[in-house]
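When the chains are written out, they are named A, B and C in that same order, and each has its own residue count from 1.
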Amino acid sequence: MSTDGAVKLETRGYNFYYGGFRALKDVDIKINPNQVTAIIGPSGCGKSTFLRTFNRMNELIPGVRVEGQAFLDGESIFGEDVVELRRRVGMVFQRPNPFPKSIYANVTYGPRAHGMRDRSELDQLAERSLRAAALWDEVKDELSKSALALSGGQQQRLCIARALAVEPEVILMDEPASALDPVATLKIEELMRELAREYTIVVVTHNMQQAARVSDHTAFFMMGEDREGYLVEYGPTKEIFTNPKDQRTEDYITGRFG
Amino acid sequence: MPRRYVIDRVVKYVLLLNALISILIVMLIFFFTWREAGDAIGQVGIDTMLLGTIWRPQLEQYGIVPMIMGSVLSTFGAVVLGVPVALLGAIFLAEVAPNAVRELVRPAVELLAGIPSVIYGLFGIVVLVPLVRRIPVPRNNGFSLLAASIVLAVMILPTITNIAEDAIRAVPREYKEGSLALGTTRWQTIVGVIIPAARSGIVAAIILGIGRALGETMAMIMVIGNAIMVPEPLTSNPLTLFLHPARTLTGNIAVEIAYATGVHESALFATGVVLFIFIMVVNSAAHVLVRGRPR
Amino acid sequence: MNAIHAGTSSQSAQDARSAARLSDNLARRHLVERAAFGVVWAAGMVAVLALAVVVGYVLLQGASQVNWEFLTTPPRGGIEAEGGMSTTFMGTLYLVLLCIVLAAPLGVGAAIYLIEYAEQAQAGGRWLSRLVGVARFGVETLAGVPSIIFGLFGYALFVTLLELGFSLLSAGLAGACLILPVIIRTTEEALLAVPLSYREGSLALGATQWQTVSGVVVPAALPGIVTGIVLSIGRVVSETAVFFVTFGGSANMPKSLLSPGRTMALHVYYLAMETRAFAKAMGTGAVLVVATIIINASVSFLSRRVMGRLRGVG
């Protein structure tokens, strides 16, 4: 399944196994750059697993196996150095996970790990990233405060800033607002649209309204009989939500199940 | 009242008494040690003992500085030799070793902890001391702070490794994932996020290791030389300080208690009090760090 | 590897800058990681190596000494340290038995109180809960006392004041104090691992608390308790300082509770330090090491069974 235009991320015939159990089956998808692509579907259908394909975070679990191909800018992600891949493809997690360090240390952790030493460069980068994450005004006077002292929504924006600081090309978001209150959630959604102007955003969400509000394209996954996840339909968000091609998509959208 | 209710009541109080036995023993220990130490403290004075550099009971000299130096220096040496290896070993077990290797190394570390201290002392006296004697420095006869430090380092290694490993494993996965997702190597993640997050547990492990080293007795007697003088470097090279023989606070007590009488015996108890306080301070520091600040 | 961005030009300029900066850093980071992991592996192997060297040396040197005669004849002293080590083996055995007999009932009882009854005590009144706090504090402090202090204490109270002299009884009492906190701690853990549902089930049938504890909880916790006792046995076998100043040092077979004696560990010490009979010391040491390994293996085996049982049940 595909859409027109340039392709940033792609999978072909992608299958993923946890040991003997197949979690994802034959996924073919082409994701466009500078857009927000939403991944929706019922619980347990492998959305997060699929998301984590693109920065190979699944490999942290022992005994996993991949069949098929996945590409970033046309080059296989499995051929590339995984450490470098993870810089180019950043991730924001479901529960905010700032390090037990200061706000400044959190944001500059990535760049420093990548070799940036100059203090003024780091300061500038920190400010840029925090501004891009819509957090600068709230923390600019307290950068040395512990990140754990921030509210949930602020922590999540800090994690976004932290991810932005390493200058990625893609940002993967795994239900980034599910642990947050409605006000914080809205802020994150606004942020997603903002960020899409410069980055490619792929977001997994439980919340269909959120997907409809925020994304340009939507991919709908479901769980098959053997509990494997597969891609049912993928297309422009407007079409998916107003005129889905597949009956199962329509059933899910209208709440007949899931 | 049915018999079983009566039994229930009685048993409850009997068990409470059992539970109080520990504190009773602690109080007895305190009481007796203080009582026996009383003579020396009264006649000689605790400050004379703590500052005196000559321990010659025949001449009624009871300065314990030489033994304090012996304990402190051997423990210091053990820390310098043992802590880096123990910490790296903990990182190995917690983050680097594949499961199959871990299954072999972890039991080996635990077994190391269970080996009786005399065995380390025996190995020390038969193998280590002659090895140290080979170092070409005059008046070096092998029985030395160096041999003691090596033996102690091996003895505290398992203690530190176990506790530090637990501390590292306790660091939440989210921190590790967060760091790796930013494009760092595993080593960068360990150094940049995991170790700092496990900091208090690691410090507690080291402190407990120090406590163990300070408390070791028999293995020390066997390799440290039992020289009742303040250790000094054997040559102009300050490192040869560690080739000097010495005596520890613990060794002092063990070696002389059987034949000591009067003030001498009392002074040995006073040494015990000093040691006890040393170690208690060290252990409480570790507890506070492991539990976090007490509520 | 450069992407085609439909973004602003500042983005691609930034990318070019950071990509250039990052690629030479990347190779170095991988190199650093490989070197660091090498050191880490070496450290891991040091522990194994230390064990192998110490244990291996003692076992190898001692093996030549150990034969049936060595194990069954008593040491006969003399310059060459004639004889074997039979009395020291028995000395160790008697001492272990005595320490366990003294400490186990007290320790298990204390642990039962602290786990099963202490909560109610805390609700039941201020002085009672204070008492419980004090009891807990006592256990923790006792656990931190260095062994030579137990020796001193034993010498002052049992050997001197109670006039038991250097004897099995003095050593047993001092040793019991030493292992008491170990037994209490391991029993506490064993009791905590018993599911709440067992207790609730028994109480719901109208049993008293003691009936519940003795009939259901303790039997369920028994493997864990036994593991703790085996652990303490290991402690007594390994320990030297405490018994050095309470047991005496006689190489004869202890005939009564008031006889002096030696443990194997002490025998090794005396052989090495006083008689300088290193060969015999190695022989005794080898037996001691084998005993330690067996005890350690038993503890591992038992605790794994305990874990397995709990997972299979509850």
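To be clear about the criterion, contacts are C-beta pairs under 8 Å (C-beta built on N, C-alpha and C of every residue); 3 or more make two chains touch, one makes a residue touch a chain.
Note that this is a predicted model, so its numbers are computed, not measured.
Colleague: If you connect every pair of chains that touch, what shape comes out? Choose line, ring, star, complete or other.
Modeller: complete
Colleague: Measuring between Cα centroids, which chain is at the maximum distance from chain C?
Modeller: The most remote chain is A.
Colleague: How many angstrom between the C-alpha centroids of chain C and chain A?
Modeller: 49
Colleague: What is the distance, in whole Å, between the centres of chain B and chain C, each centre taken as the mean of its C-alpha atoms?
Modeller: 15
Colleague: Could you list which residues of chain C touch at least two other chains?
Modeller: Only 29-30 qualify.
Colleague: In chain B, what residues contact two or more other chains?
Modeller: 184-185, 188
Colleague: Note the residues in chain A that touch 2 or more other chains, in rising order.
Modeller: 83-84, 87, 113-114
Colleague: Residues of chain B touching chain C in their complex?
Modeller: Residues in contact with chain C: 4-5, 7-8, 11-12, 14-16, 18-26, 28-29, 32-33, 35-36, 84-89, 91-93, 96-97, 101, 104-105, 107-112, 114-123, 125-127, 154, 157-158, 161, 184-188, 211, 214-215, 217-218, 221-222, 250, 253-254, 257-258, 268-269, 272, 275-276, 279-280, 283, 287.
Colleague: So in the complex, which bits of chain C are touching chain B?
Modeller: 29-30, 32-33, 36-37, 39-48, 50-51, 54-55, 57-58, 61, 105-107, 109-110, 112-114, 117-118, 121, 131-132, 134-135, 137-142, 144-153, 155-157, 161, 177, 180-181, 184, 208-211, 234, 237-241, 244-245, 265-266, 268-269, 272-273, 278, 281-282, 285, 288-289, 292-293, 295-296, 300
Colleague: Report the residues of chain C in contact with chain A in the complex, numbered from low to high.
Modeller: The touching residues are 1, 3-8, 11, 14-15, 18, 21-23, 25-26, 28-30.
Colleague: Which chain B residues qualify as touching chain A in the complex?
Modeller: Listed in rising order, the residues of chain B that touch chain A are 99, 172, 174-175, 177-185, 188, 192-193, 196-197.
Colleague: Applying the document's contact rule, which stretches of chain A touch chain C when the two form their complex?
Modeller: 6, 8, 33-34, 73, 75, 81, 83-84, 87, 113-116, 167, 169, 197-198
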